[in-house]
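Following this line, the structures themselves.
In the two assemblies presented below, chain A is common to both, partnered first by chain B and then by chain C.
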Partner chain A sequence: MVKSDVQLDAKGLACPMPIVKTKKAMNEVAEGQVLEIQATDKGSVADLAAWSKTVGHQYIGSHEENGVFYHYIRKCNPEVNEAVEKTFEHTISNEEALNGKGLILDVREAAEYTFGHIPGAKSIPMGELAERLTELNKDETIYVICRTGTRSDLAAKQLAEEGFNNIYNVLPGMTGYEGELQKEVE
Partner chain B sequence: MSNKVAIIASNGGLFDAYKVFNIATAAAASEKEVAIFFTFEGLNLIHKQGMHGLEMPAGKEHFAEGFANSGVPAIPQLVEMAQELGVKFIACQMTMDVMGLTKADFVEDIEVGGAVTFLEFAKDAAPTLTF
Partner chain C sequence: MTVNIWTAADVARKVIDNKELFILDVRNADAFADWKIEGHKFNYLNIPYFELLDGVEEILPQIPTDIEILVVCAKEGSSIMVAELLAEAGLEVAYLEGGMKSWSMYIEPVKVGELSGGGELYQFVRLGKGCLSYMAVNEGEAAIIDAVRFTDVFIKFAEEKGVQIKHVFDTHLHADHISGGRHIASQTGAAYYLPSKDAEEVVFDFTPLTDDLTVKLGNSEIEVGALYSPGHTIGSTSFVIDKKYLLTGDILFIDSIGRPDLAGLADDWVRDLRQTLYSRYRSLAEDLIVLPAHFMIIEELNEDGTVGKRLGDLFVENHGLNVEDEEVFRSMVTDNLPPQPNSYEEIRHVNMGKVTPSNEEQTEMEIGPNRCAVR
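Right after this comes the complex of A and B.
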């Protein structure tokens, strides 16, 4: 089971209905949340990835189970530049974090983590961080990573304010990671 | 990059209708501004009665079963969907005059115009498609 915030049943529908339904369903999804689309249309695999790219959302991935395709799309705001200013001072490169001794903390959504993460990384989506602080050790070195460094910047600040001492924001983040990816789905 | 898709629908069969409305709704769902110019037989596709009984090309009637089994929406449903997504329908005045049709013969909320009305929309559209 891949975690998502909103689910859309588009099973049994032929092109272009899965796309039309996805567009409508996306209106009910908050920015940063993940929409799951269940479809039986084989064309949906290529179409939903292309649609996401055109419209400016993040296509996370899809997997098939018993003839049903499960697609995951994270809603993005095309108006907001990905290169938002990052203000947390302690940053570290992907390579340094990978070779470091600390914990890699992945703050992307659970579905993004499921479709590929750095082996050994711990997943706590940014929205759950406040209530899951007890899972982390305040004196351990923690490398916070996300897709582009924006969410991890916010999460790093949040952790520093909570009294964590050795926090680093990993830049550029998963977009610049070319190493082995561990996946939770086929 | 242009955000407009311009479509000319000039044929009136069932296959033509699917080609036109599938592309139109997919484009509109991808946040494109879409207009379809219906001319000659293409007017069938938005004719209140005509759109319910569009014909398959001669000799291709055996595809009816495939349509029924593959979950393809009916044409009136696609017409409604397209309009809901903001696709603009322009009916060709000249063809309507020749065929003795009035705006009342067509689905609601269409525009009636001549070639220039369409060309004005299509001048900065990419792609422009003809069916």
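Right after this comes the complex of A and C.
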């Protein structure tokens, strides 16, 4: 099971209905949340990815199970510039983090992590960080990573405020990562 | 305005009759770039349907008002939606029934010419996929070469002509489309021939197609003769019909030549391909009309919708027959090949009889262009 915030059943619907429904469902999804779309139309695979790109949402991935395609799309606000200023002062490059001795903490949504993460990285989505601090060691070196460095910037600040001592924000983040990806789905 | 419905046959007429048409293709950009409906005088606009969910107003200035408009998508659902939006905006438009899926399957039989003693040769043009199949008929008997998988098209055609299908040939083990050959043979009691060298992994019975094998149609003895011509595959065999037509399979096309790599043995087969094109075919009469198993571009169609050209003309005009240097030739047919056809390995397995996918799965496998040639 891939984790998502909102689910849409578009099974049995032919093109263009899966996308028509997805577009509508997206209105009910909060920014940063993940929508799962269940569809049986094969064309939905290429079209949902292309549609997401057109409107500026993040198409995370899809997998097939018993003839049903499960798609995951994270809602983005195309009006907001992705390159928001990052203010956490301790940053580290992808390469340095990969070669470092610390823990790589992936704060993207669970679905994003499922569809490909750095081998060995630990997943705590940013929204769950506050309640899962006990899973982390305050003296350990932690490299916080997300897709573009924005969420990890916020997460790094949050951790520092909680008294964590060796926190780094990894830049540019997963968008600049070209190494092996570990996936939790086929 | 109302929305009109066009069948694939209607569109085929526009292609063959050289008509103008404006195609609004609402599939995604990748699908359009890969494969579309080709016509001599067709103009295109590709806007994915999911960019038109809020209306078509923004694209109206890009749509002409003086030529016919056809909206096309993968299956038809999205094209209906877009066609209706355009109709509401006051345009007269049509959509393609069954979408690209039906276009891929549509076959137009065209008469190539007369055979001696009253016989006829037909070419079955599958416009959407670029596949060409053949049926020679004479005095109540028919031979079929390189039939595509829609067996009923051939069987019905034979019934209409009042002929009995006696011989069914495949020039080679196809990798770009699923053969209907052995199914037609088993339904009609005809013999099914396949070159043994292509058939080592085949799991059904067939009659070996050997060099120089000749069958006769009717009493007036129209000859269909086999000519071993390897290179696209190791078993590839051509046919000479009535000393007039040369059916080249996937070895020689009108504006290109065969590719040797679809069975994974490009390096081994280059020499064979060269020998077939530069020596075996050279020894044949230049007045033979070359009839290939594919066309790649719409320019290869003749005015009457057939695909065929005099062998002597091809020796002059076809680039692939005019590469003097063997090394240059080798590099041309092994290094710079176009992408391989969709699902070509799976298709080979279907044609070997190893797997039997459902109709729906077969349609899916055959989607897209054939890409059997090197230009």
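Just so it is clear, the second predicted complex is superposed on the first by the 186 of 186 C-alpha atoms of A that agree within 3 Å, B and C clash if a C-alpha of one lies under 4 Å from a C-alpha of the other, contacts with A are read in each partner's own complex, and residues count from 1 in each chain.
Throughout what follows, a residue touches a chain if its C-beta (ideal position, glycine included) is under 8 Å from a C-beta of that chain, and two chains touch if they have at least 3 such contacts.
Quick caveat, the model's predicted, so the values are computed rather than measured.
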**Item:** Room on chain A for both chain B and chain C (clash or fit)
**Value:** clash
**Asked** Who does A:136 touch here: chain B (first), chain C (second), both, or neither?
**Response** neither
**Request:** Name the contact category of A:15: first (chain B only), second (chain C only), both, or neither.
**Result:** both
**Request:** Answer with first, second, both or neither: which of chain B and chain C does A:185 touch in the superposed model?
**Result:** neither
**Message:** Applying the document's definition of touch, where does A:43 land relative to chain B and chain C: first, second, both, or neither?
**Reply:** second
**Prompt:** Just chain B (first), just chain C (second), both, or neither: which does A:54 touch?
**Reply:** both
**Prompt:** Touching A:76 in the superposition: chain B (first), chain C (second), both, neither?
**Reply:** neither
**Message:** Is A:23 touching anything from chain B or chain C once the two structures are fitted on A? First, second, both or neither.
**Reply:** both
**Request:** Superposing the two structures on chain A, identify the stretch of chain C from 79-87, 115-123, 151-159 or 223-231 that clashes with chain B.
**Result:** 79-87
**Request:** Once the two structures are superposed, pull the chain A residues common to the chain B and chain C interfaces.
**Result:** 14-17, 19-20, 23, 47, 51, 54
**Message:** For a test of understanding, state which residues of chain A touch chain C in their complex under the given definition.
**Reply:** 14-17, 19-20, 23, 42-43, 46-47, 50-51, 54
**Residues of chain C that touch chain A when the two form their complex** = 28-31, 48-51, 53, 73-75, 77-78, 81, 364
**Message:** So in the complex, the part of chain B that touches chain A is made up of which residues?
**Reply:** 22, 25-26, 29-31, 70-73, 81, 85
**Item:** Contact set on chain A toward chain B in their complex
**Value:** 12-17, 19-20, 22-23, 40-41, 47, 51, 54-55
